[in-house]
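Both complexes shown next keep chain A, but they swap its partner, so chain B is in the first and chain C is in the second.
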Partner chain A sequence: MRALFETIVQMEFIMTAIELSVPLVLAALAALITNKAGILNIGIEGSMLMGALMGAVVGYQTGSVMLGLLAAIAIGAFLGLLMSVFVNKFKINHILVGIAFNLLAAGLAIFIIYVRTGTKGDHPSVSIPTWTVPYLSDLPIVGPLLFGQNLMVYLTVVAAVVIAVVLSRTKLGMHIKAVGENVEAAESVGINAFKIQSYALLIGGVLAGLGGAFMSMAYMSTFNTGMIAGRGFIGIAAESMGAGIVGNTVLASAVFGFVNTFAVTAQVTLRIPFELLNTLPYLVTILALVIYAMRKRRKQVKQP
Partner chain B sequence: METTPLLDMQAITKIYDNGVVANDNASFSLRKGEIHAIAGENGAGKTTLMKVLYGLEKVDEGRVMLHGNEVNITSPHKAIEHGIGMVHQHFMLVDSLSVAENVMLGAEVTKRGFIDKSHGIQKTEAIAKTYGLYINPLAKTQTLSVGLKQRLEIIKVLARDVSIVILDEPTAVLTPQETVELFNQLKRLRNEGHSIVIITHKLKEIKTICDRVTVMRHGKTIGTYDVATITEAEISKRMIGAEVRVERVERSIQGGKPILEITNLTRHHPGEPSLHDVNLSIRPGEIIGVAGVEGNGQRTLIDILTGYASSYEGRVLINGVDIRGRSIKAVRELAVSHIPEDRMIKGSNPFGTIGENLVSTTINKPAFNRAKGWLINGRKIRQYTQRLLKSYRIKADNTDVPVRVLSGGNIQKVVCARELDSQPSLLIADQPSRGIDVGSMEFIHRQIETLASNGSAVLLVSADLREIFRLADTIYVIYNGAFVGAFNNDGSVREDTLGEYMLGIKRQAFAKEVARRDAGNAAL
Partner chain C sequence: MQAMQRFKSMYARVITAIKRTLNLGFVFELARTLAAIVIALSVAAIIILIVSDDPGFTLRVFLLNPLTQPDGFATIFSRAMPLIFTGLAASVVLRAKQFNLFAEGAFFIGGFAGAIVAIHVGLPGLLLPVVALLAGGLVAAIFGTVPAALKAKLDVNEFVVSLMMNFILLWIGVYFLSNVFNDERAGDITTPLFPEHARIPYISQDSFFTSGVFIAIAAVILVFIFFRFTRFGYNIKTTGDNLAFAKYSGINPAGPIFSSQVIGAFIAGVGGATEVLSHYRRFNWTSLPMYGFDGFMIAIIAKNNPLAVLFVALFFGYIRTGAVQMEIFTRMSSEIVTIIQAVIILLVAAQAFLMSLRKRLMMRRIKGLKHVEATVEV
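Take a look at the complex of A and B:
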């Protein structure tokens, strides 16, 4: 027990927890913005996988981190727009489109890896650098925490703030909320629901693509077809726990990131079977959703 | 001398995806500065014709001329650009937004990329002031009463600087006082050069405020008439093809124990009109009408009686059973029917089919089940649906369509049919004939009378005083959460007398009297 406690308070543990929260936060933000526009985007998982793949492939091929990141963003945006067309123009149920996208992404990833490497699992990648501020990052505790993180960590923080501001203060955010809550009302005042949902899915796709790129270009510097491992779905769960509020959603994602890190670390310290520990994030998801549902119910009962 | 009309819709045909011909070669023209009514039975195609004009529905044939030029209005956005605004039959509001945010939605003014919230508030206040449409710009839309929501819809249209204003049954949800106010505002708009189209089932309103009326029947426009030269009876004859006969059902109040007994009912809940010490009893065969200005506690009373509001002081007995702590379903199990005020929120599931909606409160009846209640008997439900469609004259050519594609009045008929056909012992009817055409209204009224003549008790709440005069044995006036007057509906009470009580100018010291009367009844 003591050993466990000591691992948790260690700096290294906290840094890893922050890193592992990044893809979850990005996925949750993607879920949040599309949800606000009235689309439950199950396809985030697939978009993340494609983002991770494109980031690795283009990054490795060109040797440029920047181009890799741009490729991940582009594929995410493209998938988001494609989803909007399927949902709005072909009138296919958004859940079905999401499932189809996920299956397609999983298959396509294996295919592309096989064509390029002849194996079905891995593809080399490049690394997004860590941003260290000279001197400041040498400070104890706050140094690495505030001034020594991977670039993507800062980018994620910026993304969360931008999403919050867009939703609460801009015309686009207002229209996204209106379309999500009452399409007919929004359209009756001249808002183009297709356009608005396309924007939301595009932004969501970019976020998901970035989340994927983080996995293959920062957390690890290699791509693996199983590396997203349900993080898209955990992001969706975190969003629903955060009840559509940006701050709460980021917090919920961080809790999942923490538990995930614990599972990874405890393998070493506790000698609990790896498979069992790997279920931990999912168990916590279920537990959290149950608590959330119970609280919501109690609140409803209280209202006379 | 016929000048070019401001707007001319020529030979409009609109066929919905499911094959319904909603507009069949219909024509409509509007002059500048007039108030023009559209009248017609439920499902005649009035709303559809205006949705075509507003760009919400695509037209199949025909053309629209504006200022003598053909225009192609393919979206509400274009309609607004052409200076056309519409207040819809069912509210088009985003509930979680504030009043000002709804007013500006789609037309937000931004400052350095951010929405200028104070501009929206100022604009709302400015319109409120100019037209006497007072409303709190910061209020959350979902907390507004229907009257205020309607007002918000009108402000929304005015905020867009339109010259043609379409109002689809705006007075259906308004009290007589609010209607008078609305009409004053419409006259003012007309004098400022706006042209107004108003769809209504209330023929008296056409006579009061409109210049011309266009009558529609079965998707066709029958004709356009100068209001000055046509009588109410002639309008309704052209609408229906026959005259509406008012037939009263003979009935009498029966003795015996009251079905509904309310004693000292009180409820105070923040953000909601209160109720103070209300006493009421309804005997078998009796219809009690409650008249009052919206927001004086009538909804609170109904919420308690139907199980929606569970915290209150006092006692409610239905057939001798105390309903305290009972759920909505458990209250209904005491043979209580409830026609709610809002057909789209509490009254129906707009996405469910007509059949599903009709059996939603009776699905557990053995007649609709098979295999000891494990399976649903689809055939029986379809037969039942067909029967109700026919007897209530609900216009739908297919029972499997979702209720939301029906016309407004037909949705209301679905709700009425479900609640009236279950043979309740107590009927709580909140604006039962809202949005229903004159012919069908007569039918619904007869249905309610028949129910009472068979020994049911009826509590009728209505903003339409004529409906109350038509049905009630006793009229109670509610003001500020308390009954301030009780009148025998024997033809001696006048509308303006009730009005004085409704506005709180007068009140009877009658609470004790009623208590005495009830005590007397109980002793019988």
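Take a look at the complex of A and C:
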């Protein structure tokens, strides 16, 4: 127990936990905004992979972090729009589009890496710098925590706030929620559902692309075809755990990031097999869904 | 006498079933699917033209080698075998309109359970592989009850739960593989070798045609019979087609919702065990095999029809065999098949694809009928 406690309170552990939360928070936010528009977007996993790939390839080719990030954002946005067209214009079930996108992305990533490097494994990348505020980051504990993080960490915080504001305070947010609640009703009052879902999927795609770029350009400085490793799916799980509320969703993602870090570090310090620890986020998700469903059911029973 | 009558009514039912499938809708769907395949192959050809140094040779290897190589057909069937199982599993689940992706985890854990039984349970002769396959299916079905029961009882989204279950089973499997059932002497994470009589044999010594293919085809026939001729299957279909009608006609939807998902898990589990005991000498999977997701796509292309699942799986087996040949003989990555598959699945699932053409055809037919009626009236 003592060893457990000592593991968790270490600065290094907390910093890693924050880092590992970033892609999950971004994926969960992507899931949240598309879900609000009525689309269960499991293509997030594939969008993240393509974001990671484009970030690494363009960043490495041009030597520019900025261009790499922009490429990751662009591919995410493109995939989001493409998904919207497939769902709205070609009338394909959104879950199916997601599965097809994921399988396509997994294959395409290997294909592109193979064409470029002749191997099926890794591709070099560039690193997004850490943003250290002079003097302030030297403060004990608070310093590195608040003023010494990777740029993407700050970007993620900004993204969460922006999504929350968009959803609760803007016309676009209102329309997104209206379309998600009931497409026909929204269209009957003159809302263009295709346009609104496109916006939501576009924003979601940008977030997923950024999440992928974080993996290949910040967490590691190479791209690997297996590096997303289900983080998009965990993001979807975190979103369902957070029940569509931005704050709760971020919190749920952070819990997953925390558990993930624990799984990485605890195998060394505590000698708990990491394989079993790896199941924790998924078990927690199922548990959370069950609790959520039971509470919903109890409410329904109370009001006949 | 009664037997004769029963046979007659059975015969009539089969005839109507065949007639029903051969109407305009079926022919049109078939044409639509073929069009999607042609477009997808063209997309692949264009990519090959751009990327390859010798596109003509590459294309020839890709499309013709599976058919002309001496082992080509055997390889196509062998590669299609796991896809037949997961395609069937997905088709049962989708028939009840359940978006359950558990076939992935079921295939993995079924393969693992089958391997463990093959190694650690001492049974004589043919009994061993039979028990191993059933054990694979059973273990998968037991885990499959989790998303199924949560959906049926509490209305928890089966999609997310099944996705989570896949990863849980993967890591539990990897844990047991590397800590409990690991073969220390092998120098890698793997079980010991299967006993020779546990393996599902190849048909002849010099061919890769595994007799597991026959198990897969038997499963196709069983699922076909299940949906056509049993009440149980009918209930699943009705629940999927029209939930309100199912309730109205006295079906408690919780039953079909639960059983369809568990049956799907069982089929995928048997498939995993069949795959492992056919194509492997020891179990060494440390990642999800992805056949489950493939099965989902195949079921959709096949419109959940078990016989169509067989043919779509064979087609996937064909392009994958060609892709591997292409990777061996040219410098082209076999992952190009994922592009082909994605294009096919999107086009086939696109309700709008070629639909205006169908409407026009239908209208012409209706007009023709009206013309006939008019002449009769006169």
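One rule holds in what follows: the second predicted complex is superposed on the first by the 289 of 304 C-alpha atoms of A that agree within 3 Å, B and C clash if a C-alpha of one lies under 4 Å from a C-alpha of the other, contacts with A are read in each partner's own complex, and residues count from 1 in each chain.
Keep this in mind: a contact is a pair of C-beta atoms (placed from the backbone, for glycine too) under 8 Å apart; a residue touches a chain by one contact, two chains touch by 3 or more.
Not measured: the values here are computed from a predicted model.
Enquirer: Considering only the touch criterion stated at the top, classify A:L96 as touching first (chain B), second (chain C), both, or neither.
Expert: It touches chain C, and chain B stays clear.
Enquirer: Would you sort A:M174 into first (chain B), second (chain C), both or neither based on which partner it touches?
Expert: first
Enquirer: Could you look at A:Y114 and tell me whether it touches chain B, chain C, both or neither (first, second, both, neither)?
Expert: It touches chain C, and chain B stays clear.
Enquirer: Just to be sure I read the superposition right, which of the two partners does A:E184 touch: chain B = first, chain C = second, or both, or neither?
Expert: The answer is first: A:E184 touches chain B but not chain C.
Enquirer: Please work out whether A:S21 is in contact with chain B alone, chain C alone, both, or neither, and reply first, second, both or neither.
Expert: neither
Enquirer: See if chain A has more residues touched by chain B or by chain C, and give me that chain.
Expert: C
Enquirer: Between chain B and chain C, whom does A:T279 touch in the aligned arrangement: first, second, both, or neither?
Expert: Only chain C; A:T279 stays clear of chain B.
Enquirer: Please identify the positions on chain A that touch both chain B and chain C, taking each partner from its own complex.
Expert: On chain A, the chain B and chain C contacts do not overlap at all.
Enquirer: Write out the stretch or stretches of chain C touching chain A in their complex.
Expert: Residue positions touching the partner: 51, 99, 101, 146, 150, 154-157, 159-161, 163-165, 167-168, 171-172, 174-175, 178-179, 287, 290, 293-294, 296-297, 300, 331, 333, 335-339, 341-342, 345-346, 349-353.
Enquirer: Considering only the defined contacts, which chain B positions touch chain A in the complex?
Expert: Per the touch definition, chain B meets chain A at residues 54, 56, 75-77, 79-80, 86, 88, 91-97, 101, 105-108, 110, 113-115, 156, 269, 309-311.
Enquirer: How about chain A: which of its residues touch chain C in the complex?
Expert: It is residues 40, 42, 86, 89-93, 95-97, 99-104, 106-108, 110-111, 114-115, 118, 120, 226, 230, 233, 236-237, 240, 273, 275-276, 278-279, 282-283, 285-286, 289-290, 293-294, 297 of chain A that touch chain C.
Enquirer: State the interface residues of chain A toward chain B in the complex, per the touch definition above.
Expert: Per the touch definition, chain A meets chain B at residues 169-171, 174-175, 177-178, 181-182, 184-192, 304.
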